[in-house]
Amino acid sequence: MPSFRLAEIAERFELPLQGNGATRIDGVATLQNGRDGAIGFLANRQYRRFLPGTALSAVILGPSDAPSCPVAALISDDPYLSYARIAALFIPAEQGGDRAIHSRAVVDPDASLGANVRVGANAVIERGVVIGSGAVVGAGCVIEADCAIGADTHIASNVTICRDTRIGARCRILPGAVIGSRGFGLAPSKHGWVEVPQLGRVVIGDDCEIGANTTVDRGAVEDTVIENGVKLDNLIQVAHNVRLGEHTVVAGCTGIAGTADIGARCLIGGAVAVLGHLSIPDGTRINAGSLVSRTLPEPGNYSSGIPVQAAEVWNKNVARLRQLSDFVSEMRAIQHNNDDSED
Amino acid sequence: MPSFRLAEIAERFELPLQGNGATRIDGVATLQNGRDGAIGFLANRQYRRFLPGTALSAVILGPSDAPSCPVAALISDDPYLSYARIAALFIPAEQGGDRAIHSRAVVDPDASLGANVRVGANAVIERGVVIGSGAVVGAGCVIEADCAIGADTHIASNVTICRDTRIGARCRILPGAVIGSRGFGLAPSKHGWVEVPQLGRVVIGDDCEIGANTTVDRGAVEDTVIENGVKLDNLIQVAHNVRLGEHTVVAGCTGIAGTADIGARCLIGGAVAVLGHLSIPDGTRINAGSLVSRTLPEPGNYSSGIPVQAAEVWNKNVARLRQLSDFVSEMRAIQHNNDDSED
Amino acid sequence: MPSFRLAEIAERFELPLQGNGATRIDGVATLQNGRDGAIGFLANRQYRRFLPGTALSAVILGPSDAPSCPVAALISDDPYLSYARIAALFIPAEQGGDRAIHSRAVVDPDASLGANVRVGANAVIERGVVIGSGAVVGAGCVIEADCAIGADTHIASNVTICRDTRIGARCRILPGAVIGSRGFGLAPSKHGWVEVPQLGRVVIGDDCEIGANTTVDRGAVEDTVIENGVKLDNLIQVAHNVRLGEHTVVAGCTGIAGTADIGARCLIGGAVAVLGHLSIPDGTRINAGSLVSRTLPEPGNYSSGIPVQAAEVWNKNVARLRQLSDFVSEMRAIQHNNDDSED
């Protein structure tokens, strides 16, 4: 494990230091489960109660919390962001960092790999693939023909990138992700469903993350597009011809149907279903468990999820919900009657 | 890229030609983003407004739209189906089409491969596997012992087919799919859960599609059955002993629990949950985001999804929903009172 | 196929025998689709109607059903649990049981494998990995550096276990599962999202099951913890720093967000969304299709799923639901009016 003097960290990240700069920091921990040598952070006031008793050696926190910090501190206007940067000091060195192309990788002679590209065991890189310098392709990956992968992009183990996919620089593709697979296009015929050829590609910008076992389908005619800075969590489905605008974030288990056009800087919660052929404006927030079935005319904060109740209570409520339209009609009748009797 | 004269396409697909048959077609594009040399289609009237200004060289469209087409046209009673067939002319040739079994595939000597079978790098084909002629097994796939794969079935990269699975002819299995994995069968005991052995298989008919990262579990006692022509999108869970009737289509992120019996020619939307031990009749449509918790007595069009509202409005509505049964009782009391006072 | 005398099975599992102990049993089948030589079970009274006509050679059933059994029987107070144990006699022998480490596996010389460990073709085991005796690593798996896998744990094909993951003894990890992938931690900055390093691990106890294509993310600071006996179905997302208490079962397509703390012996249905930073007490049941958005103060049986209705009925109800708060206000006004007029 690397270790640093707290003063060294303070200087590197330009943060005011409070307390003993000679404190050695060799890793991270939480406020409530701190340990000697670890640095942590306080960003959410819900955790403020753990500050007085923390066993951390140092805490990254805001100016207003600094006076009550019992140990050394780095003071930041955005403690979580500062933590994100400082914690990167403690990421373990990549496995296999000393090897370039594993002897058991299968790299087509007609693929082009930039400087310092690393390829793991049993990875397959087909003909025509171009990989930018510093990129990593994990063990067991399949990068099909004619893909282009940008510099410093990190593709984890067992990922599948289908032919002719474009991925920008500094992206992170997590294990099991499938990018560029056939879109789900079917035309009905008398003899059953006929496959509609999916002739578009997937085009992913720079600085994107694609989560574990997430799937992004290639376009039917035009491309499926994921713009710069988009972050997708695990087990998300992105169908053909979707566009995700830059810096949009999508949480796990969400499905986005074909030709949905989602703006920039949106926050889409987990387990959301977004139907196809609709648009969501820039800066929209969709809360977890919601269904978006039509174009949203303006940005905002949208929901349709229902939190649990005790089943016996919920079952009664849902029974009434299933008759709600009738109840409203009954109520209208009462109202009408009352109005009449008041006349 | 291959290229064709429009008259040649018209003749091959038996479609009336309007305009210049000598027009060269070398690919597809949309009405709104057309280009010289591309053919597109007009099937949804929502897109009719793009017809007058299209930059396509030719359009596949219905007889009623033909008069307003500014470029050459192929006239079809079902433009989308015609497009599906014509677009297949432009599917890029398969990578590796010139090799049969990749030198880095691991094929058990006791597996039997038909004529013209292709197997990608690092694919593993275990003993007793039988693969029909013309089938393709992608790079990184694992086909476990005793599976049978029909002729011309296409298994994409990194697919897992567990032992003794049966797959018919002309199927398409997309990357990351897992077929024939252990069903989720557990019996409670004093010492925790006991695994119930899953001794059935998965049996898939002809002309089926199984989407990327979709999972289909093997049966507990009898088989899990997917009939001819069934099409499953990505990230779908099909539990043990489910039956999916022929030509049924299921959209992404849907889960189907154990022993659900789903009829033929159903359309199951995305993000649907179908509970177990129930049946859905032939020809039923379940809209996206729905929950099917009981047998549906008759075919029809079913829903239970709730579209989003502005969160502040929705939160008020959902607060009331959680007390709905009580409100209905109150309303009944008012009604009763009114009735009394009218007596 | 192995075959046993029924009396032999009765003795081995200490179950009273009714009828001919010489009956040969060579497999399992259901009551309704029985066959000569097969044993089945009757645990759910819904299936009792199939008992009189069964073609099974023997049935495992409760004492009260024994008198009406037309064939030989084993009598058990828990027929399903007894079936689970007996059926294990008929699990086919593992493929490749005769080989230890496949010649095409890539095992780092600095990995440590216990006695009788089996490793499939094209599996990759990186440096520092420790695997307990009797464990199996399937074809195409990637076990990244410094993982520890307990004795007799069975890892199916194409699984990815990311670096430094801990998995206990006798676990079962199904194909395509991804364990220990980066958690979804992002800090906003002026220039877009900054990755928060995920420095925790995944720690899984003994006797756990992780379903096909299920994903379990590594912790951000502390570990993600899955305790002994937890069983996860397919396509489940477990985010960073979740804790799942012992013997909890989760059905398919469920997502559990970061830092959710779920107690022991819970039953979480399919397609459930559990939000983050909340807790669910021991012994809680959450029914399928529910959303858990806050800490549940006490154990119980919770729901929020809505079963489908005919779409034309549901659409009317949902239209009213979207105005429910207003209707309740109207009703209150009527009530108030009535109260006034009664004064």
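Worth a mention:
We just call them A, B and C in the order they show up, numbering each chain from 1.
As a convention for this text, a contact is a pair of C-beta atoms (placed from the backbone, for glycine too) under 8 Å apart; a residue touches a chain by one contact, two chains touch by 3 or more.
Predicted model, so just to flag it, every value in this text is computed and none were measured.
Of all residue numbers that take part in the contact between subunit A and subunit C, under half occur on both sides, making this a different-residue interface. The rotation relating subunit A to subunit B, fitted on Cα atoms, amounts to 120°, rounded to the nearest 5. If you average the Cα atoms of subunit A and of subunit C, the two centres end up 25 Å apart. Of all residues in subunit C, those that touch two or more other chains are 122, 140, 158, 176, 213, 235, 253, 271, 306-307, 309, 321, 324, 327, 331, 334, 338. The touching residues of subunit A, when paired with subunit B in their complex, are 106, 122, 124, 126-127, 140-142, 144-145, 158, 160, 162-164, 176, 178, 181-182, 184-189, 192-197, 199, 213, 215, 217, 221-222, 235, 237, 239, 253-255, 257, 271, 273, 275, 285-287, 290-294, 296, 300-304, 306-307, 309, 313, 316-317, 319-321, 324, 327, 330-331, 334, 337-338, 341. Those residues of subunit B lying in contact with subunit A across their complex are 27-30, 33, 40, 78, 80-81, 83-85, 87-88, 90-92, 95-96, 102, 104, 120-122, 138-140, 156-158, 172, 174-176, 207, 209, 211-213, 228-229, 231, 233-235, 246-247, 249, 251-253, 270-271, 288-289, 305-312, 314-315, 318, 321-325, 327-328, 331, 334-335, 338, 342.
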